[in-house]
Each structure stands twice: as structure tokens, then as C-alpha cells.
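I am attaching a structure below and will ask some questions about it afterwards.
Naming follows writing order (A, B, C and D), and every chain is counted from residue 1.
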């Protein structure tokens, strides 16, 4: 009798698995009273922590828009997928969204630059507008020729590096130790820094590290040999905490500037590094210090509303910069849809976004043009410092 | 007619223990030569040296006059030397037909890559091998079992399959390593007939065996091995009377019942 | 086919081909079931998995040696094709030839170094090789584009004809998958395939009949690399973008598991495994958070239920019934026979294939 | 020659090496008892570290209590692993057991992801955070503690295998588990004890690693693979070999980070694994075992 059961179980498992491949391929009819927006964020696997915050940011935007009547009466039908950090899964999900789920506009590129780069040819190939929330500038550059329908609401590494170099110049720093991780995030920052720093007369000494590393003291000690005035790490992974702990143990009390890239702006990480994180300086969007920005800055009220709404919606949790970027991406899409009266044709949406003029978002004042599909400038970048319990702006 | 198997001056030591000491013997084609001796006399090591599973320290093993390279068991098949194993070695998960057809493996010329394309020549080779295997199965009454998995056969029949596989190699020399071990007495006769059949086909059979009834009934020549050395050799009749053989098996001096019970 | 042998002899030869026809039949039928762009994309991925698993089956199923390098080889094939097309402007057709050759050479190198090792040690050598490849994909930035992946791979094309239409992309992969299945079938039923399986079943006996274990297993491992190279090149030209994450350790484990669960060593194992993998990928799209947990449970249950894989279990049951029919003269397929009669144990401990390895 | 850098590289190598050693010893214990490679070993480290940190951060439990609780949780997981593998009595060969441990590792990681909600957790060091200056380089007290922990674990296990009844049975099981059963020693009890010891070792490694970095559901997998490479380097199944293998591998990675191309530090572990398997599969101190066909 036992063998009979196991045969039935096997066949049913196998059929169920392949059957649902068939089942979902039937496409839903395009009901005309909603606009289908598709989103990919990795809420499991690598970078899961980051993806989770991005999902909440975008979700908040959808809820707010639908709450006050949607776009000219059309509510947003939000389709969400989790590629779990895997590019081939993301490619397949994007095809599924556009072919069978009838998604007309894509917001959110899987939470990693690699996935966003893979999604772009698919969305552009189908004439669908795509607003990414990932960092690599290759996603939107060169904008006019190669990525007419693709935008992103994150800082280009170029803008961040320019702000850093301006800050270093202002503080007379000419020797910098740079530790990027071996992810795409670290890799593209390294290219920009090694391109722009020499022009500003700043010498950069680099040693990369693997995000899964448990001890970075060899790299830190090696770079210490060049007697740098500042140590800059560039990662979004927990290894950034190890960096802070190792810097304190290797460098001790010598007054050097310990810095992190905008990927590490997260008060939870800062707390987990304990005493080692006090005094760390970061380049970042203004969101973490929104309550320190005086009301005259048009971005201040937008950030305040977002922070309070997010805390209400998610049990007092504070939004981080990634939630802000996802929220902005959805809001830019909504602004464009309002401009085109709900028409989701790729070209029309692209022209609408480029015609938005200044769209004041949580992350900054976006000024999209035909050649700049990121729309953020050096003035949108803030330099902040962790004083042991919270972030404060640095003059 | 090949001249069969010649072994001269074979010695083998494991660390300090000298297992084979300067062993010389031959198993002419078309005849059955037996090797007997008490446990630990070095019979199995001898079988392994001949079939290349063990590399001897000194001495040579030759088939039909050509010396075989020491060790390198896989070269034996192409030199037409086959063997069976003390505890049964059959290809489980494969049918009886496939087991026997494997015997012809080294005689088939087709290269491995040709098997990917499996052109007409490869198919013809395969069919020839299967035909030969069928013939052997019929000859030994295993035709009905052709498509059973070998592990589903009773022990006696599985042993027979192993022997038929060796015959499928069309060997000139066969080393049988205790073929009767584990078999019920009733199968001794058919086994004897099979071995005799091999000799009749012109194969030089080297029979390593404990079962005296079997050895004495079918061997033309018997070699007695003791502590790694050839004690004596001769016809079955001579060897049975030789006191040294009895002593080697039963220990020194007449053993009266008193001595045993003291 | 021998005429004068009784039915059993003839049936045996045709049964093996039956499993090959299932594989090719499915490749033909699937696009007929549903041919939307999305389904064709799914079938193409399934066919690429089929090529990968057919190759893996040669070393894992036939030779009985677990290899965790298949994902690394899959990646090497993809990058070899991608790099030669993007960086050196090789026409896609040439890249489709270069990739498998490169991977086969690397597989032979790894094989030469690790083939003499016993079971678990060989598996760990392949794990090491696979992981080194995966890490290199992410680190050699100028060549592979690093973690950002390799962008701008042209679609596959022969002469002027570009394979951009989903149906054409599927046809390309399906034809190569079918070809791969036929070649694997030929090897499986040929003397070489038998020798490979014989070696897994009894080392001494295989040596005694003159089969050289090293050369046979090296051939199987090299071939598994060739198949991975073809699959990699097709993946590169189909997705037109490759990044290291697709070829990581988890993929290597998934490939082995899908094959073991579906029945390594059987001709129908790869196609069942490919369906399972594609099903999991599609299934995973909906239940993101719980996917790893669910996959782990399914995988553990399957390994416990079928130590010899699904196809192995089904085939074993079919053979039980057929042998019982033979012995007691009942007609084949008479299902009234008592289920689950145990096998007669041969003298040595129960020699199921599972125990023997 | 900047001696400060050399000392720092060695200290860093020992710090990470101590964790690899503890993981490697865990692999050895399971290999001795079942002949299989336990892919869950890396996840035991994650569960140990993560549960300690979660208990500390979530319920403000003193660090020591959190660690003891974490070891208990991981040991329970070890018993469940043994049941998941051998409880159904269907898996007999090391190969099939090894594949089943992969399934359990995926389940453990998947559950940890759900329980920890993909968050990271930190655990302060029992000995405070100020660093120690040694010959111009620096390390932390936690590293010294981890090293002592690794050496103590290896010494304890060596004695345990040599002198205690259970220890000798565990070692004998490595030889031939069938014959062992004829002596009335249940294969399941020895396996269960092996998994309890391996889980405890994993938990201690996790609790030792947590203060040096932060723990997340993802911290175990790569660590497990590297621990295995260390076990192979030292000789699978030999506690002293595991210690030597772990420390050497840690130092090799640190040298690569300090002097070579830091980005390729991770490749070192697997190149070492490949080299050992092909040149000397029994590892430095391994007993000569039928490793080659």
C-alpha cells in the first residue's frame, strides 16, 4: 500500500509544479479602470534586508495614490515579484509581468544593479517605461541613445564622488584609503573615484574586500602604510560593521576621518558597530537628517510627510534611504501618468518625465532631461555624521 | 594453439611478510592445472599477481610466450587472460545478457567517440557481441534469465554468469579463484563439467580451489603451495600420497586421538 | 534487433529507446500546449536545463560520480560565448562552437586532476572547481564585467538570420537538446555506456574485462562539460545578459538534486529533472519568502522517498512486475500480482545499486 | 619589510582560522561517525551566532546566558538533523546521507530567514571591546578567546576519542558501522551523539564569531564550505588536523588580503581545497585511507 501512496505523491508534486507553469501563462484581461505597474525587489536571498525596505517604500506610495482616488480615477494595480537576488529569475519574471500579467509600466529593478541592467533590454524592447531604484549609472547612461525609456531615482556614483571630493578639498584631505566591496556597487564607485580623484589632486589607495569577509584588518593595516588622512568604505552589506570595528582596533585613537558611502546609511548598522561607529562620516541623501533641515528647503516637508506616513504604516519603523528611493520611483511614475492622462505608452511617459521640470522627491530635487535620466545633482547630497545615537549634518 | 600460462620466479612481500617466494608453474592450454594449499599459502595473492591486481616484487607472468606488464589489471583482457573472483563480482543493476556481453568489451574495436554516433559499424559490433553472449547463455542454460537483473539470480547461477562472462572474452588462459566457494555440494558436478568444457575448448585453466573432490576429479596437474612456496607438484594421484602435502594440511607427525584429547 | 530471440530479448532493446522518445516527444509537444511569449521563454529555459542535466547524467547517473561543477561549467560556457561575441566580435555561430570546446578542455583538466579520487573526494574537488569558476566570474571585471554582468550580447544568428522571435529561440535550443538526448542515448546503450555503468557496479570485474576506469570516466566528465558549454552559450544568446549569480553553488546543488530526485542514470531522468527545475522557478515567483523552506522540504522528502530517484523507483516497480510475470507465466502488466514482493537476496548483503556504491 | 603588517596578517589569519578550525572539527566528527559530509555544519554556526545575538538584542538577556541558550538551541537542531537523516531508515550510504544534509541545510537557512526576518543582529564580546596591541599590530580579546576555544575543543575531542567509551565507539563507527551494530551499539545513538557534538562546536564558533562581525541568516553557507576546505587540508576526521588546517587556511586568506589581490582572498580556500584533493587527499595529518580508486 505504501508504494502506491508514494507513486501518487510523486506524480502529483511533479505535475503541480509544471502545471502551474502553464496555469499562470494565461494573460488577464486589461480591465480599463486600473493601471498595472510591475515591481521587482529581492526580499529573499542576497540583499534581502534592503529589498524589504524598498518594497515598503513603493507600497506606501501605491497606497497613498490609491487612497486619494488614483490617477484620474484609475487605481494602481500593483504586481510584485521577488527575484531573490538571481538575475535569470528576474529576467523570467519580467517577461512574465509584461507578457501575461499585462503590466504597462515597471518601477523597481530587483534591488541590485545586475538585475536592473538585465531588465532594461526587456522593458525597452517592449516599449515599456522602466524607473529603476538601483545605483549603477550604466542603467541609464548614455540616456538619449541607449536608454530612452529607462530612468532611475538613485544617485549616480559620479554625483556622490564629486560631493566627496568637494568635501575632502574643503577639509584639506589629499591622501585617502578606499575599501570598496567586490559587488557591483563597490566596483562602479571605484571606477569613478579612480577617474575623478587625480584631477582634484587627491591620491587614492585601494584594497577591495569580499562582502562575506569576517576580518578586514589585513587590508586596513596595508592601507595604513600609506598614512592616509581618511578611510572610506563602500558597501551596503553588514561587512561595513566589521570595517568600523577593524578601523578602531588597527588605527586606534589617531585622528583620521572614518567614512562610509551612501550605501551604509542605516542607524541599525551604526548601533550594531557599537562604540566603533561614533564619529563616522557618510555622504547621503538628506532623508536621515530631515528634521535638521530648515523648512525653507522645499524637500523638507516632502521628507517629513514621508517619514511620518512610513512610521505610521509600519509600526514606528524609521524609513531608510532605500525606502525613500523606491517611494520616489513610484511617485515619479504617478506624476508622469497624471501628465499623460493615464496613457502608459513608453515614449509618452518618457517625454512626460523629462517634462516634469523639478520633481521634489524624498531623495532630492529631480531634474530629468533627455541626457540625464537620474536627475540628481551634487546639491542633493548631504554629508552627515553618526554622533553615537543619530545622524547629524556636517558643515 | 597457444602455449598457455607460464609463471617464473614470482615473489611478493607485504612489509616483512614474504607471501610468495620464487613461485614457478605453468598452466598449458587445453588442460586444467590446480593450485591447492592451506589457508594463507598465498593462493589469492598468486591469482591477483597473475591477473595484474597486485604488482609482484620479482618474476614474470607470460601468456602464450609474451610477458605481461606487472600490475595494470586492465591490460590482461586484451592479452586474452580472464579471471573470476573469490567473492562474486558481477555488474549489479545490469541484466545477465549485459553482464556476459561485457566480457567481449576489449575485443570490440569501436572507439568510445564512435559510440556517440553509433554508426552502422558500432551497431554491428554490438549485435555481434550480443549474439555471442546469447550463444554462450544458451550453451550454459541461462537463456531464460537473459533479461533478469543479475542480482535477482540465486548465488549459484550468479557465479555461473561470472564464469560465462570470462568465456565471452574468448580467453586463452583463465584463472578461477575458488569457484566452488559458497556453492552447495549439488552444484559441484555441473561446475566440474563447465570447467572441463573450458579446457576442452583449448583454454589453459588455472584452478585455485579448496574443494579436493573437485580438484582431484578434473585436474591433469596439481601444484601444492605452502607458505608462499611450491611444496610439490604432479598428477592428482602423486600429490595425494605425498606426506609433505598431508603434513602441510594436517600439521606434523601422526595425530593419534590421545594426542588430540590430552 | 534479433528476430529469433524470444519477446523478452526484443522488448529489452526497444524499452531503452522508449525513454528517449518521451524526451523528444515532450520537446515537440510543449510549444503546442501553449505558445505565448512567456510560455516559450519557460520552455526555452526548460530545454537549456535539459541539456545541462543530460550532460550531468553521464557523470552522475551513468558513471555514478556526483559532480558539483556543472553550474561552474554552465557559467564558463556562457561567459566563453558572451566574451567571444562581445569582446572579440566572434559571430554567434562560431561562439556556439568555441564555448563547448573551452569548457570541455577545462573539464578534462579538472577530470585529470580529480578522476582517481574516490566518490566523496571527487565530489568535493568538483565543488572546489565550480566555486573557483564562480568567484572568477565575479572578480575578473575587465573580461567578464564582474558582478554587473556582461551586457550587450548579440542574439544568436546564422548568416543574416537573427534568432530574436521566441519561437525561433526555442526551436534552436530544442533541436540541440534533442540532438544531445540522442547522443546521450547512444552512449548509454553502447558498449562504452555499459562499461561506465559496469565500473560503477563492480570495479574489479570492470578492470578484469579490460575497461579502463580512468579513460571512461574522463570521457564522461569531459562530455558533461561539453553539454554544459552548449547550454551556457545558448543561455548567453537567449538572455543576452549574464551575471555570476546564475552560476553559483546553489545552482550546482539544484542541478544534482533535480537529477537525483528524477532518477539519475535513466534516460528519462534529465527531462523530468528539467521540468522539476522549471516548475520550481515558476512556482518560486509567487511564494518568495517561503520558497527556500518549501524547496528544502520537498527535496528532503524526495531524497528519503526515492533513494534511487523517481524514475528509478518507477522503473524498479515495472521490472518487479515484469520479472514476476516471467517467472509465474502471467501476462505482462497483470496488475493483480501482489505488490511489493521483495527481491531474493544474493549471497552477499542485499546488492541494491544504492548500497553497492 | 613592515613587520606591523606581517603581525597583523598573522593575527587576522588566526582570528578567522580559529572559526574555520571549529567548523572543520565539526565536519570531522560527523565524517567519523557516518562517513558523510555534513553540509548543515555551516548553518550550525549561523544558528548559534544568530540565536545568541537575537536573544541578546530582542530580550536583553546577559551575553553569557544568550550563548548558553544558543548552544542548547543548536544542539536541539543537531538532534533534529540526525532524525531527518536517519530517522526514516531509508538512507544507508554516505553519498545519499550527504545529499540529504544539503536538503536540511536549505531548510535551516530558509527557516532562519523567516525567523530573523532577514535582519542582522550583533552580539557584544564577553570580554569588552577594547583592542590589544601586539608588536605593532592589533587584535581583539574575542580573537584570543576564540583561539583558546578552538585549541580547547580540539584537545577535549582528542582525549574524548581516545579515552572515553563513547569516543572510541564514534571512532570505530568511522571504520565500519555494520560490524559496530553486531556489538550491540546502535548506529543511531552514535550518530545522534556525533551530531550533538558537531552542533555544539558550531554554536560555539557562531558565538565566537558574532562579536567580530554581525550575524544574519546568510552568514553560514560560505563559512561551512571554507570549514570543509580546512578539514580536508588538515585531514578529514582528525581533530588536530582540523585545527592546523583551519589556522593555515585563515592565514593564507589573510596573506592574500594583506599582500596579494585582496578581492581574490576568497578564491584561496577553494584553490587550497583543489590542490589538497589532487596532491594529497588524506590531508596533512589524515590517516592514509582508501581515497584513490
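The rule is short, and it goes like this: a contact is a pair of C-beta atoms (placed from the backbone, for glycine too) under 8 Å apart; a residue touches a chain by one contact, two chains touch by 3 or more.
All values reported here derive from a predicted model rather than from experimental measurement.
A.B. asks: Looking at the contacts, which chains touch chain B and chain C alike?
C.D. replies: Expected: no chain.
A.B. asks: Remove chain A in your head; which chains still hang together?
C.D. replies: Leaving out chain A yields one piece.
A.B. asks: Just by CA atoms, which chain is the most central one?
C.D. replies: If one averages C-alpha positions chain by chain, the most central is C.
A.B. asks: Can you name the chain that lies farthest from chain B, using the mean of each chain's Cα atoms as its centre?
C.D. replies: A
A.B. asks: In whole angstrom, what separates the CA-based centres of chain A and chain D?
C.D. replies: 35
A.B. asks: Determine the centre-to-centre distance between chain C and chain D, using the mean Cα coordinates as centres, and give it in whole Å.
C.D. replies: The computed centroid separation for chain C versus chain D comes out at 32 Å.
A.B. asks: Roughly how far is chain B from chain D, going centre to centre by Cα mean, in whole Å?
C.D. replies: Chain centroid spacing, chain B to chain D, equals 50 Å.
A.B. asks: Counting in whole Å, what is the centre-to-centre distance of chain A and chain B, each centre being its mean C-alpha position?
C.D. replies: Result: the chain centres lie 74 Å from each other.
A.B. asks: Using the touch definition from the top, which residues of chain B touch two or more other chains?
C.D. replies: Residues: none.
A.B. asks: What are the residues of chain D that contact at least two other chains?
C.D. replies: Within chain D, residues 113, 263, 266 contact more than one other chain.
A.B. asks: Among all residues of chain A, which ones touch two or more of the remaining chains?
C.D. replies: Residues 43-44, 46, 182 of chain A each touch two or more of the other chains.
A.B. asks: Check the chains against each other and report every pair that touches.
C.D. replies: A-C, A-D, B-C, C-D
A.B. asks: If you look only at chain D, which of its residues touch chain A in the complex?
C.D. replies: For chain D paired with chain A, touching residues are 2, 4-5, 8-9, 11-12, 15-16, 19, 113, 117-122, 124, 129, 131, 133, 137-140, 209, 212-214, 216, 218-219, 222-223, 254-255, 257-259, 261-263, 265-266.
A.B. asks: Can you check the complex and tell me which residues of chain A touch chain C?
C.D. replies: Residue positions touching the partner: 1-4, 6-7, 9-10, 13-14, 16-18, 20-22, 24-25, 27, 43-46, 81-82, 84-89, 91-93, 95-96, 99-100, 113-114, 117-118, 121, 136, 138, 182-184, 187-188.
A.B. asks: Once bound in the complex, which stretches of chain A touch chain D?
C.D. replies: By the definition above, chain A touches chain D via 43-44, 46, 48-49, 52, 182, 207-210, 212-219, 221-222, 225, 238-239, 241-242, 245, 248-250, 252, 268-269, 271-276.
A.B. asks: For chain C, which residues are in contact with chain A within the complex?
C.D. replies: Touching chain A: residues 33-34, 36-39, 41-42, 45, 138-139, 141, 146-149, 151, 235, 239-243, 245-246, 272, 275-276, 278-286, 288-289, 291-292, 298, 302, 305-306, 310, 313-314, 317, 339-340 of chain C.
A.B. asks: Could you list, by residue number, the parts of chain C that touch chain B in their complex?
C.D. replies: 2, 5, 8-9, 11-12, 183, 186-187, 189-195, 197-198, 200-202, 204-213, 215-216, 219, 223, 319, 323, 326, 343-344, 346-348, 351-353, 356
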